[in-house]
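What follows is a set of structures to go through.
The following pair of complexes shares a single chain, chain A, combined with chain B in the former and chain C in the latter.
Then we have the complex of A and B:
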């Protein structure tokens, strides 16, 4: 897989702030991979997302050091609007990104900006509304639908532009569990069917883990940990120390591991945890099973 | 039911057969009619015609009740301004003198004429707003080739007006949740306290504009530079066909306006001299 984003020794300090929002970040993203970025509030996750889309330094004043390259080209060297055709961003607050009066207008706005033909717009509109289940909402104003629907509209509006890279900045932070699952369902389909490169900034790890190929931990502007998802969560003690709370199954097996009852890879999902638990229970001597 | 700018219109309404441009054309042209009509009976007729159009369009007529207090208060203000606050005019015909205030026939007549000029204009606007959505206005503007930037800025203005109102509600509820209750207080107190709403509203507006700019940039929109030179297709316009019926309506509206101008300037029609309603009023007042 080729490297699609390369960030090297990247530091960004907003104007009139003492500390840099991001400090000496080194990160590469492979084409077609899904990366989950986690970290406490104020750790620089949104700044990193904006840096990869060119909103930083384009729309913000500050001091930049290092390199942020997308498709081998520094973000500032892209012409206005050019980078946004390659990188799509879905923001945390869906309502803040609505620019049109109906869901349909909202979905086609980006495609019109790209200068697509009417036939192509029609085709993509059908595809994206089917993917995100929005067909019945096309005539509605986007600010009058439910929170989950709003976020699906925001996601669909970006997807319709078919960017090579999709960045989602806490896309489910305002949603209920069911709506979260639907958003991640869409992302799973994208990963399987379109092989998109997806970067997800998210606190809901239960949904993120099954999707992510790699994980990265940002903490106070620094990239403290970056690895494939399984080994990333093997470092549970470190994650807990940095305020990241892995899903219940990971913590449960981590406690078993600390108690000397388990020694394998920490299971990341309920399904793998179940099979690991069966192995543990069937491996126990009969007397011990009874006493427990 | 479909939500419009000022209410709801059922899905089955015949108004949907009309192209948004025709509605906008109707608003712009018919609003001018009363300017060339002095005789109130013609303006009342226009008002009734608009109410009939609203009924045909299946607008919920109960919404008109909202405008009754507005119409009454507006009428009272106009009448007071023209009569009580109308000043002294020895050249006018004095009807009565109340507590040192001269009430002239000409001022009463002018107040009635002005009032019945404004009412149909308001009704035309109400008809347009109750049968149109924001999208209709944008489509109407784009269909006459108004530049995208202009229509877009207009759409953003419509949207931000709604957002400011929403934000105002949030700020107000937050203030009330912390015990602020202006009920029963003096107007001066209320005005003073309302100033404090402005600070969070201003901060929210700044944040909103930043988010909005980011959203536009992220969607590849640019007012300047290479990206702005791309020829934008207008997908939404493909949903709207300007049919023969629309052409007929547009021509009829245009012709009516021309006839009105010819009658007014050529034959001195619609003047107050020939108005039976003014004559009736004159008899009543005398």
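Then we have the complex of A and C:
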């Protein structure tokens, strides 16, 4: 797999702030991989997302040090608009990106701006509305639909431009559990069918974990931990100390480990947790003699 | 539930919006003074409409909402909001004054209390939410989201309602901030005696903090009972596209080993594990 994003010793300080928002970040993202970025509010997650599509430094004032390369090229060296064809960002607040009076116009807006032919726009519109289940809403104003539908429109509008890299900033923050599963369902289809590179900033870990190849923890502007998903959560003690609360089964097995009743990889799903639990409890007498 | 402890009684409530959308149908429930309740269900299932019926903003199309002995149909909103407070999901949709003091004072002034009493109530509410005096002259929009939410709650507390309904208290908050807000609501419930109703999609929060769950679906109450019991009713949860928290799912998957399917927290799970491993 080739490296699609390479960030090296990257520091960004917004104008008129004391501390850098991001401090000496080193991170590479492989093409076709899904990486989950987590961390407390104010840790620099959104700043990192904006740095990868050129919004920073393009639209913000501040001081940059180090390198942020996308497709092997520094973000500032792209012509205006060129990088944004390759990298799509879905914002946390969907309303922040709406401009049109109908969902259909909203979805078409980006494609028209990219100068696509009417035939191509038509084709992509059909593909994206089917993928995100929006066909029945095309005539509606984006302001009159529910929060979950708004977040799907925001995602669809970016997908319609078929960026190679997709960055999502808390894509499910306003959603109920079903809509949340739907968004993550769309993301896993994109990963499988189109090999998109996907970067997701998210607090809700239960849906993110099965999708993510790798996880990164940002904390006060620093990248404290970055690893494949399983070894990442193996560091539960560290994560807890940094205010990240892993899902219930991870936490439970971490407690078992602390109590000396489990060793090995912390399970990440209910299924693996259940089978590990069966092993511990049915194979118990043996283990107890060992530990005594 | 002791009869004199009942604070809200909802009887055969239907609510139809002016455009003909039937948002609530045949709602019956009673809420006691000391409860901590989660109202859960899909977006559009009627949670917010029900909340607005409870605080008298919406009058029933048919049926009755009786709060503290007052029927919402014939009681002014001014009387209702003194009893049932509603905190918006997004504090920014609620806050509109130029400084925190005026924000918190808005409600008491609006129900025409005199300035001495307004002052007393603002100070009391700010004290409860832990908003330091230094913030009184700050513009709410310059505060962090967590603090803005506290200001939003304080502005409701200043009306001294018995019941506080908080719409999605943890949305947009990180894990630590979520626990801080929930611990604060717990304190309002246990120490200050407020009835708390939260509307949320966060099932681990429901499991950890609430004692009763009301499940809404398509404008009806689909289930209503103790939290642990509701989370074992898988057919209802499936029908309303909900799922119990992960730890409860694990306890249910491991039920044959002796785990209680109504397990709500990692701590409860650990206790049972210790018991079960002693037995075997």
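As a working rule, the second predicted complex is superposed on the first by the 285 of 292 C-alpha atoms of A that agree within 3 Å, B and C clash if a C-alpha of one lies under 4 Å from a C-alpha of the other, contacts with A are read in each partner's own complex, and residues count from 1 in each chain.
In the analysis below, contacts are C-beta pairs under 8 Å (C-beta built on N, C-alpha and C of every residue); 3 or more make two chains touch, one makes a residue touch a chain.
Computed from a predicted model, the values in this text were never measured in an experiment.
In the superposition on chain A, no contact is made by A:171 with either chain B or chain C. With both structures placed on the common chain, the touch criterion links A:248 to chain C but leaves chain B unconnected. By the touch criterion defined above, A:79 reaches chain B but does not reach chain C. Contacts of A:102 after superposition on the shared chain: chain B is touched, whereas chain C is not. In the superposition on chain A, contact is made by A:157 with chain B only, not with chain C.
When the two complexes are laid over each other on chain A, chain A has no residue in contact with both chain B and chain C.
Chain A makes touch with chain B in their complex at residues 50, 53-55, 58-59, 79-82, 84-85, 88-89, 91, 93, 96-102, 104-105, 108-118, 121-122, 125, 139, 141, 143-144, 157-158, 161. Within the complex formed with chain A, the residues of chain B that make contact are 2-3, 133-135, 138, 155-156, 158-159, 162, 208, 210-222, 224-228, 230-236, 238. By the touch criterion given at the top, residues 41-44, 144-145, 171-177, 201, 203-204, 241-243, 245-250, 253-254, 257, 266, 269-270, 273, 276-277, 280 of chain C touch chain A in their complex. Residue ranges on chain A touching chain C, taken from their complex, read 39-42, 92, 146-148, 170, 173-180, 203, 206, 243-245, 247-249, 251-252, 255-256, 259, 261, 270-271, 273-274, 277-278, 280-282, 284-285, 288.
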